[in-house]
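You will see subunit A twice below: alongside subunit B first, and alongside subunit C after that.
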Partner chain A sequence: MKGAALFLRAMLARTYPRIIGTVRMPSWLLQETLLPLLSVSAYVFVYRAMNAPEECTGFVLLGGAMAAFWLNVLWSMGAQLYWERDSGNLELYIIAPCSMMAILGGMALGGMLLTLTRAAVILTAGSLLFGVRYHPSSWGMLAVVFLLTMLALYGLGMVFASAFLLWGREAWHTVSLLQEPVYLLSGLNFPVRAVFPPPVAWLASLIPLTVGMDALRQVLFPPSQGSGPSIPYILGLEAELGLLAVLSLAFLFLARYSLGHLERRSREEGRLTVRWQ
Partner chain B sequence: MRQHLRAIRAATWLGWQIESNWTDPWLFFLYLVLKPLCASLLLWCMFVAARSMSAAVPGELLPFLYVGNACFMIVGGVAFGLSWVIISDREHYQMLKYIWISPLPLRSYLIGRALARSLQSAVGVVLTLAGGWLLLPELRSALTWERLDGRWLVAYLAVGVLMLGAVGMILAGAVLNLGRHSMLLSEGIAGLIYLLSGVVFPVEVLPEWLRPLCFFLPTTYWLEGVRRALMGGTTFGRALEGWSHGDLVSALLLSTALLLVVAHAVFRWNEQRAWRQGRVDQTTGV
Partner chain C sequence: MSLLKRRRPWIARQGIVRLGTANPFPLKTPGMIEWAIFTDRLTRVYRRPRSRRAAVPANEAAKELVALDQVSLSVRPGELFGLLGTNGAGKTTLIKILTTLLAPTSGVARVDGLDVVSQAALIRPRINMVSGGESCGYGILTVRETLWLFSQLYGVSHAEARRRIDHMLEVVSLRDRADTKISHLSTGLRQKVNFCRGFITDPKILFLDEPTVGLDVTAARAIRAFIRDWVRERPDRTLLLTTHYMMEADQLCDRVAIIDRGRVLAVDTPAALKKRVQRYPTFRICLTPGADGWQSLGRVPGVHQHAVTAGPTAIDLKVSLEAEAVIGDVVQQIAGSGARILTLHKVEPTLEDAFIELCGHGLSDTEIGE
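Entry: the complex of A and B
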């Protein structure tokens, strides 16, 4: 088996344990849905204490759902090869006759499907609990924005994964460090342009989460809806879609290049099998 | 006693090395500053965004939530740090069994590791408050030398570390006997405490049926006390406005004494159970 068929089968093979593992341990649902709901609820109550408009509750729920994908990209994509090295699987991936991109693609696909459940539960339960209503300007546009955001996010996850091939314990801390600062820059619970000046907002748009969430807010909370507050956005919707497409391609190419380069360096420096660094 | 103290000292040193020597000191310092500061600034951003959309945002809320969020780091560091020590030593480094067979008392080892994490959290709290003080005028006017009540602050911190240490011991004991769900337990309780202790919003904002739960949590009283000691007088929340420093500390002392007794019994029982059931060296891929 060669080429695309091998790539596809390897990808599906790596997706399989992610899906089947969770089916065999349904308690993950509790961890993946109830826990994020607690922190999301806390942020909703923060806005309630501020007497903020109802749209802000929607921003928090959207942020909670999208944060699930960011966490999945960081911990289950970026740091995954670090865990695999610790558990002794990494060398098996390296000697397997398929591309590492296929293995990472499988991780991404499995992770994305599971995280979709978490995101859906946060949005649905949160909306029911806090009475949030969405008025998407176009369902098709919503799907396109979401898919492009996922592509760019998981492309970035693959870049992280390749970088973590070289790293040891610092990988764990780096992933941890990429949580709060990215939440801040990407406007997890607030529209970025309502807080940051344009240069900072444009710079933050290089993170797919920032521009993806901004575009999703534009579709879910369009300005034409009623007498709600006017919400400033980083760019127009079409421009944000274009930027997401560019970021997706750029991160996927970068991941392919850096995976090859860093795998070679890790072999040369003998880091592929070093555990518990 | 000397053996316990030596164990605590060695475990604190080990804990500090594990937490800090993965990189050079400057990057570690940046890590200490950036993570907690960004978490607190996220709340400031929500405040600014809400203000840009509504004129009814109360200004006094910002110091309340910023200081509460910063102080919650100590809760995370001490209470949940202890259970994390069990998870990392057993699952990741697979060293718990060696600690177990060494002459080191496990409890003293855990206290030492918790102290290292407390130190890291305390540095994080100080840097976050200092960062907020430098960046946010609302915080500058709330955190002044005149308002600071040093004696009560020391009292709250001392009782708080004991109280959180006891909670951490209970969790660490439970985690010893849990496999895959150990993270669920500590993260779940962390989430509940964050939601119900009035960390980032006054408890009056919660639905009425949830409020009684807040008053069962010692962290509610601790956070209120620390906030008052730092910012003076009563703070934005109204739920405990009739309580003086003395009342708050008394409630804390009482609950801490109870928690210490429970922690001692629970940890001992779990320790024995984990030993009998062979859970000391189990790895579940968490």
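Entry: the complex of A and C
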């Protein structure tokens, strides 16, 4: 079978357990939607108590939805190869003729579809509860920004996955280490540029979630609507789109390279099959 | 010719090597076998982390652990080849190298003529591996879905995957559990699923690492029968099996390599290995109680040794001979003395005898963590 067809077949096969898991274990719906909605509500009430601009409520809802993707990238992408190794599946994936990028792609696709549901529920329920109105400047642009954000974010997840292949148990700590700082730097619940000085905001925009969120806010809450102009953004929309495209390519390329490199190192050091380390 | 020019320009310049002139670097000698598996002085050394050195006895606390030491093996296409050794002998390390999961420290390893280090991607479509005692896949998937998932990683079409899955589930008597979730299966049944996984991709070369460990007698027997048939079904299929069940190696394998502490001690057919430990054919003769014909056996020409155990119901005689034909004279001597022979049979050495002779210990005597 030719490379592209095998890649697609393997990717869809690896997507399958994630999709079927959601159908067979519906309890996730409660855990993945209701609980995050509660934490989002807390932020909304804080903003309302402060008489913050109405857009801030929308920002928080968007942040709650996008946080799901970040958690998915960290726990279900980055650390996944580590779990796969412990369960004995990793060596079966390695000796299979399909590319490991296809396996990671399948994990990403499955995770993305699942998380999309969670994000959609949070956005819809939150919007209905708090009366948030969106005024997208362009639905097409919204779709492009979202897809580029996903590509860059899951590209980063693939880089993590390959790095964790070598780190073993350290992966757990690294995931924990990354989770909260990225929450802060990406401005999940506030506009980054309004809080951080420009150098910090620019540095933070190397995190796909930061720049993706900033761009999504620009599309969903354009300056012409309400108190839009008072909220500063990191870069212009076009620049952020360009940055997202560059980050997507860079992370995917880096993931491919690091996966090959780290797989080679792991084979040399015998780490591919050493479990519980 | 281009390859010839690149490698041996002085020969290419001369055109052909003249008849009768010794070729110093033959590319391929006539009749040369393209080995299914070939290793030459294959060595794998693990570096022990400093933290782990303190946990082992001082005499073992070296910086390095030699898991494979200069292993040279050649397996022919179509051969069912066994690796017999204790835990920690290096069997699994060898399989990991051959399946491209582990890089050798030095030496050469080729699978289907391809180098395991530089041509790993070309090897992978041709092989598969099953580790006994392991399960595969995800608890949320059913047996059929799990096998389908792994078939897709090898590009098997859906129709073909379905056909092979049905066949394999029939082989391991799991047809009625095809739609059961993996998480609901017992360890033994999960192991059977893992066994099926190895075959549904129809590999050219299959590596089975202790495939029947932990399985019940009936299942193990069915699996052994299937393995034998699978290899015989197509002449290009090769199977490398590791086991520490002597009987399994004896029954299944065309040839067996005995491996101990990372070194290959012997490679031969099970029959030849057994023959090595028995220089003198040995017979066990059971006589009626009170018979005394055995006392003069030492004087029969060709009798090497004899030993007797007299019991209340029979006399048990063990006689080793310089040649098998001498048994006729022995029987004549006993019968001539008036003793009655109750039973007579030849004592065959087992593979375990050969293993002990070669390794200096039995399979269960050593437990070295791998």
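The rule is simple: the second predicted complex is superposed on the first by the 273 of 277 C-alpha atoms of A that agree within 3 Å, B and C clash if a C-alpha of one lies under 4 Å from a C-alpha of the other, contacts with A are read in each partner's own complex, and residues count from 1 in each chain.
Note that in this section a residue touches a chain if its C-beta (ideal position, glycine included) is under 8 Å from a C-beta of that chain, and two chains touch if they have at least 3 such contacts.
Computed from a predicted structure; not experimentally measured.
Taken together in the superposed arrangement on subunit A, subunit B and subunit C fit without clashing.
Contacts of A:98 after superposition: subunit C is touched, whereas subunit B is not reached. Of the two partner chains, neither subunit B nor subunit C is touched by A:257. Of the two partner chains placed around the shared chain by superposition, subunit C is the only one that A:270 touches, whereas subunit B remains out of contact.
Once the two structures are overlaid on chain A, subunit A sits at the apex of an angle of 90° toward subunit B and subunit C, using CA centres and rounding to a multiple of 10.
Of the two partner chains placed around the shared chain by superposition, subunit B and subunit C are both touched by A:25.
For subunit A, the partner touching the most residues, choosing from subunit B and subunit C, is B.
In the superposed model, A:47 makes contact with subunit B only, not with subunit C.
Contact with subunit C, but none with subunit B, is seen for A:9 once the two complexes are overlaid on the shared chain.
By the touch criterion defined above, A:89 lies against subunit C but remains apart from subunit B after alignment on the C-alpha atoms of chain A. This overlay, made by fitting chain A, leaves subunit B and subunit C with a least C-alpha separation of 7 Å.
The residues of subunit A shared by its contacts with subunit B and with subunit C are 25.
Residues of subunit A touching subunit C in their complex: 1, 5-6, 9-10, 12-14, 16-17, 20-21, 24-25, 88-89, 91-98, 103, 264, 267-270, 272-273. Subunit A contributes residues 25, 27, 30-31, 34-35, 38-39, 41-43, 45-53, 55-56, 86-87, 168-170, 172-173, 176-177, 179-181, 183-184, 187-191, 194-195, 229, 231-232, 276 to its touches with subunit B in the complex.
Chain contact summary for the complex, subunit B toward subunit A: residues 22-23, 31, 34-36, 38-39, 41-43, 45-54, 56-58, 61, 65, 92-94, 180-181, 183-184, 187-188, 191-192, 194-195, 199-202, 205-206, 285.
The touching residues of subunit C, when paired with subunit A in their complex, are 46-47, 96, 99-103, 121, 124-125, 127-129, 131, 134-138, 140-141, 145, 148-150, 152-155, 181, 197.
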